[in-house]
Amino acid sequence: MSILSVKGVNQYYGGSHILRDLGFEAQLGKVTVLLGRNGVGKTTLLKSLMGLVPIKTGSMEFDGKPIQGRTPYDRARAGMGYVPQGREIFARLTVEENLRMGLAYKSGSTPIPAELFELFPVLKQMIHRRGGDLSGGQQQQLAIARALAPKPKLLILDEPTEGIQPSIIKDIGRVIRMLADRGDMAILLVEQYYDFAEELADEYLVMERGVFIARGPGSEMQEKGIRQLVAI
Amino acid sequence: MSSTPMSSIESALAAEAGTQVPAPPPPPPPLGQAGRVALPGRAPLLTRPGWAAFFVALLAVCALAPVLNLVVPDGSALHLSDYTVAVLGRIMCYAIAALAMDLIWGYTGILSLGHGLFFALGGYMMGMYLMRQIGLEGNYKSELPDFMVFLDWKELPWHWTFSGSFVLQMILVVALPGLLAFVFGYFAFRSRIKGVYFSIITQALTFAAMLLFFRNETGFGGNNGFTDFKRIVDIPIATPQMRMTLFVTTGLVLLGFFLFARWLVGSKFGRVLQAIRDAESRVMFSGYNPLRYKLTIWTLSAMMCGVAGALYVPQVGIINPTEMSPANSIEIAIWAAVGGRATLIGPIVGAFLVSGAKSWFTTVFPEYWLYFLGAMFILVTLYLPHGVVGLVRKLLARGKEERA
Amino acid sequence: MTPDLMEEGAQRLERTAVAKLGQTESGGREAGFSRIATPGEVDITHGRILYLEDVHRSFDGFKAINGLSLDIAPGELRCIIGPNGAGKTTMMDIITGKTRPDKGTVFFGSTIDLLRHTEPEIAQLGIGRKFQKPTVFEHLTVFENLELALATDKGVKSSMLFRLDSRQSDRLAEILHTIHLADSVNRLSGNLSHGQKQWLEIGMLLMQDPKLLLLDEPVAGMTDEETARTAELFLTLKGKHSLMVVEHDMSFIRTISEIVTVLCDGAVLAQGTLDQVQADERVIEVYLGR
Amino acid sequence: MRSWTKAWAAALAWLAIALPAHALTNEAALAMASGTSSERIEAITAAVIEAVDKGDARTVAFLQALSDDTVRFTADKAFIVQGDKGLDPVTGAEVAVPADAEDVVNNNLMRNELDVALAALQLRSEDASVRADAARALAAAPSEARLPLLDKALAIEKDAAIREQLELARAGGLLSSEDPAKRLAAATTLAENKRPATKLLLNERLAEEQDPAVKKAIVAAIAGIDAGLIWGERLGQAFTGVSLGSILLLVALGLAITYGLMGVINMAHGELMMIGAYATYVVQGLFQKYLPGAFDAYLIAAIPAAFLASALVGAILERGVIRFLYGRPLETLLATWGISLVLMQLVRTTFGAQNVAVESPSWMSGSVQLLPNLALPWNRVLIIVFALLVLGAVAWMIGRTRLGLFVRGVTQNRPIASCMGVNTARIDTYAFALGSGIAGLAGCALSQVGNVGPDLGQSYIVDSFMVVVVGGVGQLAGTVYAALGLGILNKLFEGWAGAVLAKIAVLVLIIVFIQKRPQGIFAMKGRSAEA
Amino acid sequence: QDTIKVGVLHALSGTMAISETALKDMALMTIEDINAKGGVMGKKLEPVVIDTASNWPLAAEKAKQLIGQDKVAVTFGCWTSVCRKSVLPVYEENNALLYYPVQYEGEELSKNVFYTGAAPNQQAIPAVEYLMGKEGGSAKRWVLLGTDYVYPRTANKIVRAFLKSKGVADADIMETYTPFGHSDYQTIVADIKKFSQGGKTAVVSTINGDSNIPFYKELGNAGLSAKNVPVVAFSVGEEELRGLDPKPLAGHLASWNYFMSVKNPTNTAWIKQWGDYAKAKKLPGQSTKPLTNDPMEATYVGIHMWKQAVEKAKSTDADKVIAAMAGQTFNAPSGFTLTMDAKNHHLHKPVLIGEIRPDGQFNVVWRTKAPVKAQPWSPFIEGNDKKKDEPEKK
């Protein structure tokens, strides 16, 4: 079932046309991978989805309701979770408070899901340390945990493996797979780490200068030579 | 700190001179494997229209104003009244201070809430000289300034040693604010005091100085400060000619400082300043010692302020400690902000606009002018985030787009 | 009070301050050497350009660096890996003077005690650094960013009088190509994408022409192809420069590495070729995963 | 004053029953009301002696009326004025007061004299507390002329405490006796009484004393008293420091939110305090007009009113101006500076440029006497308590509630907080309104110790920024330390060097201190500080 | 031309607005009144009101504007000494006229200024004498307390010299100053309290403006009543008392040349006129509780005297008006007939000492028999004996 559907999105920074007529869908229980070189507009697309940058034209529908023009917090409340590029954790809040922020729109008594600490044990260890003092990789883990805390319907991840040690990348991969396989969450993953992306992809999209130049089911990535396509 | 995406020298230049970005110089010859890259050349000090505008200003100050004030008769519509000369002269001094503020705030990202102190110190140094020039014409017919006689002082205190000499005292006008800024800045920057912490201690500094100067014992005439000047370099001060001379000097200093500031910010030095503003630690890891850069610009800025103060005092005829009140320093920052930070022309425009408005409003709407002034600050920040100059620039850019 | 006078004054004050720092009871490190050390020159006669011994640093009781000892030879390209939070970035902070260790020795060559120098001095000595989070001067153009990084006299007066000569322009143009930003010379670097900023920062490092480059996760956020190009770039730098690269990307490490050091809990856990360390059980346990 | 009214009522009742009336003559009354001060004093002394012996309710009533400033007189007659009626002081009958009758004007000298006279008349009251008050009043103004009176009172007095006061009064009187031996004895008695007033007495005598033995005794007595007073002085000094600190804390707390947390360089903070103070003034006016009986309670009602008024203005400012300026802190400086100008002028045009009077409720006036020379004024004590309460509330809000968490999160990273589902716009408004409201509370407190005028805010804005910054931006604990530290240091220096130099010294100290701690007392440590 | 322009130069914003706004309104009322009665020499007066914004360089500039642009015949204005000093050169240079309505420290005499407020000998010395006398409580020790600027320093210097001449020892004088805008008087009041244990003490207060309220509130807190330690103030009048609850202050003193509570027909009429004016113009604050005070009286007197002088000189020319001012008399609300000194540009004024009443008014407890001549050059300052009691001829 498609939970997110995007049609004809155009977006500009000042005079430059960044996203051109983009359209795609994300399905519950599936991992959609978005690939593309530096600066083609992947982050911009995700920010547009979250409502952080306004789009000029196009429609976005989440869970059957149009979301364009809604504020980011409306979108978050509707069930969109976001792991931004560059971590963007709250540097002066403790790890625990960061996670509580993730639960912001739930009722005050909602506990922090214990499974998060199973996934990322280091967070439990550092629960009272300030987010900003964590190492880069620890911050990335915190950012993912924060997005997962309210159990969103759509999880948007912008380069989640950046700066993370291999063993945890593997863990994150397993988590993403598991979340997708549970069938109640759609996952939109932007990734540079090709092997990781290919392994997880149920669907893939390749972006070049603001347009999609290839798309299809994940299983076809190898035969279509997507790795080479991204590399050019 | 700043949100002006306007630090590229080209665009800054273009908008200030009101012209297009000069076409990049012809591409360098092909370089082996590097291929062709159009590197921007070093920008000229001012563009041609910029120079034209500069000379118009120069002419206005040096020739037009004197003629209109001194030669054109009083009744004529073209006559420039003494009052207008006084207002313009005063505002030009403010403009110098605002320019100095822009160097340190706009370009280096260090908000000083103590520039009023440097301004006032320059003013006091000038004032001391002027007090001595009164000579025996004071109330008490004494060599000593009146307030000293009156406080039973028998001789000049030590800090008045140089006040008899024009040259020495003029050196102090620059040296004292410079020295104070240097010492204060050295310790502050060495301790890596940044942001509001710096702003607040500069405010504390000027506040402390104000209280000190209010005291009669400090030897600067207390609250009444210095007034009733009679002569400067032995020429009576209250003649139209002398006033015009001061006016023209101020104008020349302003224009000179403007060119100097242009040259500074156009050089690599200026770009290091902006880099410090954006990411000081990166500057350090690039091998620059921010301490020296900050200290240099800070001291220069203080000295410029001192000069402004020195020009101000003989024109307005008074210097007293309220010049050091925190509000005055904030006002200097406001001129820079209203005009547009990190553009050299902005602070000058801002000073003219804000103090001009204040002068005018206090006369026309004595009871309501604060509303206007307050509203002006609010509206400028809301609608002109880059100041008046930013607005002009935007309009020009839009015009250009439409033309294209 | 001319600018140069002021600068000289500042320098003098600073010098005395530094001199005082150096006056340890034993006469400082120099006392132990019979040769006269030329200040500012890196002495690599002992075959080591960077030398860390028993360095400790803790934050509020948490031992981020715990007895770390490490050395790097001139011209070597050393890869550092290790779990998140192992202390890699902190180590770089210590080398570049950003963080002071609680205890330990850090030498650049055999004569320069880095702990006695400030950040800009260390940079001037020839240690360049790329941060984990790309840091560029967002309000300056790409060109201006590179120009600032250029290795020249970085004093106040020379900055005021600085003009790019043709050799320097050539070098700048060359580097612009290397980092693929030739089209963006006049763009504000703040408007670049994440990956572009990474490249720009590498470019700035190259402009600085340091003897030792510290690179904290240089390929994070780059595509595979760009990663490959970075690897190539590093390999050409090797030999002329010494490099210390921190990365989590194993395939990247594989293409460039000779010796790999694994840090864990603030100390060296293992060291050897990539294959050796990859086979090390402890490394698999804490870092690579199964 | 009030105790006197009580005493008067009691005494009047007693006198009316116990004593024959009609001893006051018109001449005596007129002499007490008109003429030079010394003539009047003479007349009063005479009347008192007579009244004490004979007992005369009319004399007491007349003296009371004199001290209440309700006597008028013509060339030949004095009148007590009660409302619009006139009373004949001699007969108590109602009479018309001629239009040309003059007001009796008392100066301080007369007032002192009247107080003592009334006290003297009350020494035989049946109410022990009235007698105690009277004895105390007499002890405070000793005179040799009253010695016989005191002796008589001592002869019948049983209560030990009152006796002690009477003895004191007597010793005070004896201190100026002709007989050096009596003076010596008096000095020794007085040395036992370690009170400031006694010291004044001794000092006054010392200035005139010729006899070396007596002189020595007096000097010794003064030294003894001084030693006893030293602790009171020290504690008093500490208290003034804490009290100043509590005021600094109050004025800084709101700013700790709007500036420390939200990053708005809020130059209108002072004006928000001013609004709180004016709200207090308005509430006071309403009470005066509609609930004069409950006037003392007005301050309680003013607290929420001040909070709401300032919070409302704050909310409007946030919605209208500030919210467009997040992330541009220096621009907030400019805009809020403009706002402060407008608010100030607004108040000037509505309430006038002059200060307005805010009366303290009676429970805020007076003081608790802890030591003979250590009296803590109630208003200061209550403000300290109030500051602590507000501090507690703020700390709880910020550290323990979800609102506090959201405020901190939103101010650190607005877009991402929004992506977490936080309604950032609303949180910003709440937070700014909260900070403003606290400024209003500070204004309410300030109205009890200082001016309420359009400039109220200006005089505190520098201090409040100083406190927040010295404490460390965004550090509530730092704000507390800074406020108390600056308050106490300021007072300490003031004791040594006077107010002006103290203020300068504190400012210089701040400059030096920031060199040592470039991020304030509670510097943000670690990596997050640099970000 | 059928109007005569007159300048009104006061601070309507900034720190001094508190005091000066009322003077501006009083000037406007007086001008309106004069116009209603036919103006001056048949011409209506046209007020030009200008705000100095409590900024003294601006004040000087505004003076230039009044004289140069608006061509006013006379200016009524300024409160602080520094304001007067800053505009003085402008008036002297242009040979224009300024009427200055506030008590000040003296030590100045300009041909172009008429000082309608008190010189120190018309305010400070009589007050101290009063407190020394039996009526005032025979004070032996003195606290000279002021804001740290020229007027308090000068006044205290004069008072100290006077006290010395009366045999008061230095040890019995405590002199303390506070910075501008000082608001915490706990320490000072504690010091006074301690000092007062050494003998009957009186406080001479030259605390300026806003600081008075915190000072008096603190006095009340500390239980220092007027009966023990009377305070005589030279800057506290009816307007200042408006801002605080006067009950705890009852009995403290002030020394002025006029009090609102003075009873005479002129004053009654004047107060009524002011009240009506304030109501009609809806002056904030004044319309609900109209108050008059000494500087307002001085403003009122000044404008009328100027009018009389102009009419006598039949010209608004400065020199002619100056000549005609000498010896002008005016029946002032204080109940005395004030005379402009023939030479020294100061008024002969009565000195009144009042005790604060619980309603914020003053009980006049002492007054001079006749107006006192001003001594702008105080004899208590060295060298002043040689000074001439008239402005320099230039």
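All chains are identified by letter, namely A, B, C, D and E, in their written order; residue positions are counted from 1 within each chain.
Rule of thumb we're sticking to: a residue touches a chain if its C-beta (ideal position, glycine included) is under 8 Å from a C-beta of that chain, and two chains touch if they have at least 3 such contacts.
These numbers were taken from a predicted model, which means no experiment stands behind them.
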>> What's the minimum number of touch steps needed to get from chain A to chain B?
In response: 2
> From chain C, how many touching-chain steps at minimum until you land on chain E?
Replying inline: 2
>> From the centre of chain B, which other chain's Cα mean sits the farthest off?
In response: A
> Measuring from the mean of all protein Cα atoms shown, which chain centre lies nearest?
Replying inline: B
> Whole-Å distance, chain D centre to chain E centre, using C-alpha means?
Replying inline: 28
> Once you find the CA centre of chain B and the CA centre of chain D, what distance in Å lies between them?
Replying inline: 46
> Using mean CA coordinates as chain centres, what's the chain B-chain E distance in Å?
Replying inline: 38
> If you average the CA atoms of chain C and of chain D, how far apart do the two points sit, in angstrom?
Replying inline: 64
>> If a residue has to touch 2 or more other chains to count, which residues of chain C qualify?
In response: 59, 191
> What are the residue numbers in chain D that touch two or more other chains?
Replying inline: 344-345, 349, 458, 500, 503, 526
> Mind pulling the chain B residues that touch 2 or more other chains?
Replying inline: 2, 211, 214-215, 281, 367, 370
>> Under the definition above, what is the set of chain A residues touching chain D in their complex?
In response: 50-52, 71-73, 75-77, 82, 84, 88, 90-93, 97, 100-102, 104-105, 108, 130-133, 146, 150
> Okay, in this complex, where on chain A does chain C touch?
Replying inline: 13, 37-39, 43, 85-86, 122, 129, 133-138, 140-141, 159, 162-171, 192-194, 227, 230-232
> Which bits of chain E are touching chain D when the two form their complex?
Replying inline: 12-13, 15, 17-18, 21-22, 134-137, 140, 148, 176-179, 181-184, 186-188, 190, 193-194, 196-200, 210, 213-214, 217-218, 220-223, 226-227, 230, 239-240, 242-248, 251, 283-286, 355, 360, 363-366
>> Using the touch definition from the top, list the residues of chain D that touch chain B in their complex.
In response: 265, 267, 321, 324-325, 327-328, 330-335, 337-342, 344-346, 349, 458, 462, 465-466, 469-470, 473, 500, 503-504, 507-508, 510-511, 514-516, 518-520, 530
> How about chain C: which of its residues touch chain B in the complex?
Replying inline: 1, 3, 6-7, 9-11, 13-14, 96, 98, 118-121, 123-124, 128-129, 131, 135-141, 143-144, 147-149, 151, 154-156, 159-164, 166, 169-170, 172-174, 176-177, 182, 185-186, 188, 190-191, 204, 208
